[in-house]
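Next up: some structures, all given as structure tokens.
What follows is subunit A paired twice: with subunit B in the first complex and subunit C in the second.
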Partner chain A sequence: MAAAGSLTSSSIAATPRNVLALRLAVAVFVLCVWEGLSRSGLFYGEVIPSLLAIFASMGKLLIDPIFWRNLQVTMVETVASLAIGAGFGITVGIVLGANRFLMRAFEPVVYYLSPTPRIILFPVMIMWFGVGPASKIALGALSAFFAIALSTAAGMRQIDPILIRVGRSFRANVWQMAFKIYLPAMRVPILNGIRLGMGTAIITVLLGETKLSNQGLGYMIMQVYTRFDMPGLYALLMLVFILAGAVNALIGHSARD
Partner chain B sequence: MSISEKPPLAQEPALVVDDVVKRFGRGTEIVTAVDHVSFSVQQGEFVSVIGPSGCGKSTLFNIIGGLLSEYEGAVKIGEERISAPHPAVGMVFQEESTFPWRTVIDNVAFPLELQGVAKSERMDRAHHFIDMVGLASFEKAFPSQLSGGMKQRVSIARTLVSQPKILLMDEPFAALDEQTRLLLGDKITQIQQELNQTTLLITHNLTEAVQLSDRIVVMTYRPGQVKRIVDINLPRPRTSDVVGSDAFGHYVAEIWNDLREEASRGMADSESAASRRAAHG
Partner chain C sequence: MAETFLRRRGPELFGAATLIASALVFEALIRGGVVNRYIIPPPSDILLAFERVIVEENILTRCRDTAFEMIIAGGASVLVGVPIGVLLYRSALWRRAMEDWIGALAAAPIVLAFPLFLVLFGRSPKTIIVMGFVHGLAPIILKTVEGLASTRTVLINVGRSLKMTQSQMFWKILLPSAMPIIFTGIRLSWTFVLITIVGIEYLINLGGVGQLINELAERYDLPGTYAGICFVILVSVLFFLALERVESWLQPGR
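On to the complex of A and B.
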């Protein structure tokens, strides 16, 4: 607890070791408080279950084929919505970034629509695509689209114009300009857009699954909740967080120079 | 764009700039950047165009490079009037222009990649020109790991690899310090003599122009016209040692005489523009 106690002090150097120590200290602190609250009897029944119960549930989940099947459904839905959202998003982003007229006409629309809650369109998606994975994929793709389109358009505009002139001076054709200059120059902003898009795609897919669905992790969370299996619920949530964080870290890593 | 079928004669100039005029703007705001400029570059010759800022040098560079397609008069290679980037002209830009995501060798191989040259041949040829600019041990490095002078050498190798008939450079050393500039000048002279490379250099640097050139085209301040063309009869092969010779000093003094007037007109112009801005602000 020493590190947490001296948070305001500037004398601690931000070395990787100290950073790790601080993180561990905070984690241990949170776990201790949790376990303390759980045992204090202040809360009704299993609202805050013991850590032991949660980890036991997590162990059971990890060997439960139902969990893996639902995980697979959610992953397929997320990847599919990301692929569709990225396909449309990158295309629209390039068009907006390349054309000043279209950019002025449509970028504010994309910009101001992007933070609106897509989940309100869920009923429409259900009508169009049914209660199965397709409606979640459609909604996820829609939410990923905005982040990716905006990020691609911004990336397009920040390309150093001299690189375009070099391409022209070597008489690159349209495809060579696109694949050898524009896209590599936009790699980092596009990957950042995909990372943001994936975040919203996961959120939207899970949200859709909790609303109306018959499979997927979101559906499973609601199932566990209706059974009031609190250790199972927390175990499931932790696994979802860990998975989403890991995928995010992976994309973030590839977006670095 | 029609490609001339007649092979050029040996005596025919590599490049002819014939009465080129370029105006920018419209109505009362028209600025004549290049005003009836004519000169030619012979095969194997090193010509510099020198002038103060605002003499239309960069406009001329873009016209000859084919990046500015609308102009009056003609820039000709053989019988062909340039109105788009021409395969015979290889451009080196003033700005740092290497691709940051490519290694040195992949940067240099870029034009060959566009032409669809097979990978092994591409690497061989890129290697040859990297070696020529003295960066053999940096082939696998990324531009971010190189100094400014090294990056410009990568750009020069990248342009040379496509073996252009005419090497067209726009102040490639403008951002470098004087010592690096002199040493790179040696490198350029050496390469030019090795390849018998026809070269047109756009510059505002007097010593650089005299050090490297066979002929210097002196431009006037706005509108950019040819004030004089000076033959530089310094011995070849040449090195930067020439900078210390009497003849060198003589050429520099002579051209400076022409240039001073133009440069001071340019300075007066930008000062009066600045005082107008200050008065309005």
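On to the complex of A and C.
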């Protein structure tokens, strides 16, 4: 790696200070280009609104009770879908990880279904659970399930056999084995699975809301789009990206600790 | 012989048998009136609907439309992503400054920005292709950098001892060595591209197979909707299997 690194042709050292300076320079450049395009009149109407308008919209959104109410709906749906998906995912992951026969029988099904576009199952979820929040929760749970189940199964297989032997030598019962040996040893893979599952659950819940809903941030995005309120649309999308990134980073951080 | 086969393939056969048995149980429950057939159609009706979906709904033509969007978006991701990855590899400063941002782009819910892309590019395949391209870009960039950075020192030393030029070094040593990891990036990227394209087709009711599922659902053609979904899942699985095959062919040692 080091030798490969010597092939790079950078004249400025990659010190933390230089990295920070470059990031700031890139951010300022992008913002300047954006503002320049916005004022150039090259684009129709407010397709590229000025940064000032976007930040003003963001400020308005943050003091608007409707935004907070919709955020609350999306959060409840996401947390519920994650709880359900994690419950089923961890259970299935433990069963598949603990039993070689079942792993060979069913893991390929879970593995190959996991990267399919799940939003296409939304019509089925609407038929099963109606047009309310339940269909979004079900779709989100289904999305989260696959990542969590696969990560848990892989984590289960990676547990150090010595830990299991220690538990057995202390004559630990099934519950003690589960809560004192298996679950603590699988904390990182389970949290990683939950992080991945949460990412897909958020996206699926929001997409479900954009398709058919009368509440939630996804619904709000469609409302703003229908009004052609471009600064509002950019502001809302930025807030959603920031929120999703923050939650993702938080779970990632707890997985590393 | 049969016993050996059963012992070797027993779990897989058990898995397949369980799926078939589940379908049969559903068939019995639906025909017995326990499960409402207007919510879940009998599996036999879904199987029969396959022919209708293929012949009358032109699912193969729609698959071709989706595949066209896939090829353009996936191809553009490779054509743009690999050179960006190479440029980032060549500058340690740029790499360290941009890698986290590109990682954040890979994890961002870009697909949610489809209303924005609709405004920018109109309700046309262009929107679908651009969204697929943007979503597929980050994994290729990251894996290209990773692949080039993990080139073995001995290979680079061989190149130097042969007094290779920068260009020869890249084409004869770095790129072939990084190829398996770059392909892993391409597999991840094309998975993202496929999910985005089918998802957007469904959401904005335009294009290939995603639009078909939306139309069938809006017509309340239940067996057709389920058959369409099964067809898309089947095509997706075959697509991922093919990509995996190519990937393992590129990495025979793994």
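The working rule: the second predicted complex is superposed on the first by the 234 of 257 C-alpha atoms of A that agree within 3 Å, B and C clash if a C-alpha of one lies under 4 Å from a C-alpha of the other, contacts with A are read in each partner's own complex, and residues count from 1 in each chain.
Everything that follows uses one rule, which is that a contact is a pair of C-beta atoms (placed from the backbone, for glycine too) under 8 Å apart; a residue touches a chain by one contact, two chains touch by 3 or more.
Please read these numbers as outputs of a predicted model, since none were measured by experiment.
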A:101 contacts which: subunit B (first), subunit C (second), both, neither?
second
Looking at A:90 after the superposition, I want to know if it touches subunit B, subunit C, both of them or none. Which is it: first, second, both, neither?
neither
Going by the touch definition up top, name the partner, subunit B or subunit C, that contacts more of subunit A.
C
Once the shared chain is lined up, is A:156 touching subunit B (first), subunit C (second), both, or neither of them?
neither
Quick one: classify A:73 as touching subunit B (first), subunit C (second), both or neither.
neither
Looking at the overlay, what does A:139 touch: subunit B (first), subunit C (second), both, or neither?
neither
Using the superposition on chain A described above, determine whether A:205 touches subunit B (first), subunit C (second), both, or neither.
neither
Residue set of subunit A touching subunit B in the complex reads 160, 162-163, 165-166, 168-172, 176, 180-181, 184-185, 187
In the complex, subunit A touches subunit C at residues 1-10, 12-14, 18-19, 22-23, 26, 47, 100-106, 108-109, 112-113, 115-117, 119-124, 126-128, 199, 202-203, 206-207, 210-211, 218, 221-222, 224-225, 228, 230, 233-234, 237, 240-241, 244-245, 248
Listed in rising order, the residues of subunit B that touch subunit A in the complex are 65-67, 84-85, 87, 90-91, 93, 95-97, 99, 101-102, 110-111, 113-114, 162
Using the touch definition from the top, list the residues of subunit C that touch subunit A in their complex.
10-12, 14-15, 18-19, 39-40, 89-98, 101, 104, 107-109, 111-116, 118-120, 148-151, 153, 156-157, 169, 174, 191, 194-195, 198-199, 202-203, 210, 213-214, 216-217, 222, 225-226, 229, 232-233, 236-237, 240-241
